[in-house]
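In what comes next, subunit A is part of two complexes: it sits with subunit B in the first one and with subunit C in the second one.
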Partner chain A sequence: MSPLVGTTALAARNLTKMRRNSASVIGAVVFPILFLVLFNTVLNRAMTGIGIDYVQYLPPAVTVQAMFFAAMSTAFYLTDDRASGVFARCRTLPIGRLSPLVARALADLTRAAVSLLVVLVVSMLLGFRFRAGVLPALGYVVLALGFALVLILGCGLVGLYAKNAETAVVLVEVPYLPVLMLSSAFVPADRFPDWLEPVVQASPITKVVDALRALSGGGPTASVLPTALVWCIGLAVVFLVVGARRMKVAT
Partner chain B sequence: MSTNPVVSPAIEIRGLVKRFGATVAVDGLDLVVGRDEIVAVLGPNGAGKTTTIDVCSTLIPAGGGTVRVAGYDVSREPAAVRQRISVTGQFAALDDELTGTENVELFGRLLGLGRSESRRRASELLERFSLADAAGRRVKTYSGGMRRRLDLAVSIVRPPEVLFLDEPTTGLDPRSRAELWDIVRDLNEDGTSILLTTQYLEEADRLAHRIVVIDHGRVVAEGTAEALKERVGGSVIEVTPIDPAIPGPVCDALAGLGQVVVEAETGVVAVKVADGVDVLAVARSLDAAGVAVSELGTRRPSLDEVFLALTGTGVDA
Partner chain C sequence: MIATLALAGRSLRRFRRSPAQIVASIIFPGLLLVVLLACFGELVEEFTGADYVSRIVPGIVAMSLAYGAVASGVSMLEDLRDGFAGRLKVMPVATGALLAGRVTADAVRGALSTTVLTVLGFAVGFRFETGVTGVIAFVLLAALATTGFSWLALSVGTRAPGIEAVAAPLNALFLVCLFLSEGFVPIEGYPGWAQPIVRANPFTCIRNALAAIAEGGSTRQPVLYALAWIAGLTLVFAPLAITGFRARSRTTGPGPAPTVAEARV
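Moving on, here comes the complex of A and B:
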């Protein structure tokens, strides 16, 4: 049997489960809308005051945040499948060894795509525009989903180690906040305290958000895009290597 | 491989060893399950039952020894093994958020059945396992017995050659347990070889053709329930006092024969004796002591008593 059939059947099952879980739907659709509308309403004037075009500045940040939410779902559901025994049962079936993991990634990537669509539509309603043209706009979508995939791999790793879904959620939620806040996502890097600025500048999140801003706002991409891509590929390789080792023993 | 899979045993375990760090979970286990046989692996918690099933079902690698399932080596030909087995774990591995039908359909799809074939098979199995009424309900609303039946239905979407059942009735009420036993017997009659682990001696006694008692990762005894009882030897003399509320005099009269046990519920006094004890002599001594009894008889030791004798612990210890 083609390994594709098993993978797509499992991915479809994953999506059905997410659709039926209101927490997943709220996380994927309602949260990004809340963030966009609330942040824009509360902070727009203050940020304009320091020379920032906030309607243009905010969406890449919420994009990255939505990708984080999608990846957190990977950690939660993967651990849940391990705890319930579904994961082990799948491993006794004549399907590809990686099918359950690929199916998980596919489902969460689909969720990331839905979130991205929501973010972009709402952002445009608020006045956000792709000023750099069609190709960079496509680049924005690809980079956002590519970054989501990297996060999914990282959270998948957590999902392969955590004992239960609650632990998995804590293990990804706790680093999520400082990692996102200590980047240029919500505040420009040069507005951080001096001692923190180097940390913020070095953050891969900063690289990705800056690249998304360049791709949407029309800034120079040559200086930011390659670094973002190197980070994404590097992290993906690390996650995959560690994950492959873990897969040999995970049940 | 020189083995002909068709005539090879369903399961053939030779010298299986499995360690987890410093813990030896399985320590040189030998076990053969013939085609069409139901074999029960009986042992206390931590005896190595689940680890053995995990190795047989290709979930974890063996640390030593060889394991062949349906004629194929689990470490060298895991894909061929997976084509021929099904596993029902200790906890029903089901999706609570999916309906009964959806659960069965999913595994039909995973096993290569087409969409409509999966659907047809799901409704057929749910009907057969008395789950048709609940087919459209989410599994989280199911009772324990319904979950176990659905779990078994999922396991046989494609009838396996070898079925592993890891404590299939743990936590079930007696009626659900009996229903599950019927299903297991039917599967066996349809040609599925079954290895089941259990902590319930009654389950092993009632369901299995053969019982393998394991302790500390090794086989300590093997055979039919009768043969095991034979092996431990001896018999039990049971005496029911005329007034079950007053077992004292009977106990005193039997004390010379061995350790006397009074069954709390019935007041029956039991004493384990060597084979060949003269029951009539026992009756006479009761009579001489002036103790009236309503029933007197001998029986084979129960599997519980056998188990205790073989492993030195109770099953639930």
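Moving on, here comes the complex of A and C:
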């Protein structure tokens, strides 16, 4: 059997499982909408006070947040499939050894794409616009999904190490909060305490969110896009190398 | 009574041994406290001119009580599904002991997580103007408030078809409550349409009562509002939890034991 058939069959199975779990559906669709509306309600006035149009500022942040949710799903389901013996069973079948992992990434990337669509549609309803034109808008989508893939690889790594799904969720949920919040995602970097500002400036999340802002709002992309791409590629390579080692040990 | 305490002890031991529950009710709120302080502190202080620590610590305490209760609803469903509730029926134990034990354990857990968060708050600049009496009243009110959220979570847990049906809607509801409360931003930060919601929100009422207890000054009105919410939640959801529990423990026997994680992604 061609490796493609096995992978797509497993990816379809993963998507069906997610669709039937209301927690996954709520995480992919409802939570991004809630965060858009709630952050906008809570912080709009304070941000207008410092001269920021929050309706335009917020969607890249929630985009990145939604990509995090998609990647958390990787950690959870991957560990679950490992712990419950689905992966062991796959090894007795005539499919590629990497097929279950690729299928997992494909399914969660699909989930990320659905979330991205939801975020963009609701943002537009709130007043968000792609001011830079069609090509940068496409760049926004590609960068968002590319970053989702990087996060999926990182969370997949957690899925290869964690003992059970419960531990896996804790292992990704706890770092997620400071990593996302201590960036320019929701509040500009210069509003953080002085001692923290260098950390916020250096954060890869800041780089990606700033690049998404430039691609949507029409700012200069040359200064922010390359750094964001270097971070994405660098992280992806690290995750892949560590993951490949783990696979060697595991089998 | 003895059975209730024994079952409460069992719940607390399970809490102590469950990393996921400790993370949800203590570590995650603690992390949120520090991160929000760093992230929104300067912005909101600039907007209101008031100190952000004294706003956010009671707000995060109120949030942690509600989120901690979600785990209780999930555990109740597990007890019903794996046959533990059924086993209790053949013992000389009152029907309500499992529920009462759970609520008692939640109150203790609420006091515990409040203490940890208050110590953490102290480290980042939160202060009691009211001394030891203030601290005791603060923790007691928090423990009492936990019971209100606990009955709500139990009434969902005794009726829900699966774990995700307990955790997902409650987490979403509490998320909305958290954002639309004065624990984040003072009332004048909200748009006009949201202000009545923010004022009536149980998180706001409990936060404001806790803040008033810590700061001193007039505590009567905020504490009354908070007590009204706690009494209201208990009066509505305790009967629902009891009837749900009765109906469920009659019909369900042993089934597959679900995992808590099912509910989290």
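Everything below uses one rule, namely that the second predicted complex is superposed on the first by the 250 of 251 C-alpha atoms of A that agree within 3 Å, B and C clash if a C-alpha of one lies under 4 Å from a C-alpha of the other, contacts with A are read in each partner's own complex, and residues count from 1 in each chain.
In the analysis below, contacts are C-beta pairs under 8 Å (C-beta built on N, C-alpha and C of every residue); 3 or more make two chains touch, one makes a residue touch a chain.
Everything numeric here is computed off the predicted structure, so don't read it as measured data.
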Combined model on subunit A where subunit B meets subunit C, clash or fit: fit
More subunit A residues in contact [subunit B versus subunit C]: C
Contacts of A:Trp231 with subunit B and subunit C, given as first, second, both or neither: neither
Which of subunit B and subunit C A:Tyr161 touches, first, second, both or neither: neither
Vertex subunit A, arms to subunit B and subunit C (CA centres, degrees, nearest 10): 80
Subunit B versus subunit C as contact partner of A:Ala88, first or second or both or neither: first
First (subunit B), second (subunit C), both or neither touched by A:Tyr54: neither
Which of subunit B and subunit C A:Val30 touches, first, second, both or neither: second
Which of subunit B and subunit C A:Ala46 touches, first, second, both or neither: second
Partner chain in contact with A:Phe192 - subunit B first, subunit C second, else both or neither: second
Partner chain(s) touched by A:Phe128 [first = subunit B, second = subunit C, both, neither]: neither
Subunit B versus subunit C as contact partner of A:Leu177, first or second or both or neither: second
Minimal inter-chain CA distance - subunit C and subunit B, angstrom: 7
Those residues of subunit A which subunit B touches in one complex and subunit C touches in the other: 21
In the complex, subunit A residues that touch subunit B: 1, 5-6, 9-10, 13, 16-17, 20-21, 84-86, 88-95, 249, 251
Contacting residues of subunit C [partner subunit A, same complex]: 19-20, 23, 27-28, 31-32, 34-36, 38-44, 46-47, 164-165, 167-168, 172, 175-176, 179-180, 184-185, 188-191, 194, 259-265
Contact set on subunit A toward subunit C in their complex: 21-24, 26-27, 30-31, 34, 38-39, 41-47, 49-50, 72-73, 75-77, 80, 164-170, 173-174, 177-178, 181-182, 186-187, 191-193, 196
In the complex, subunit B residues that touch subunit A: 54, 57-60, 79, 82-83, 85-87, 89-98, 102, 106-107, 109-112, 154
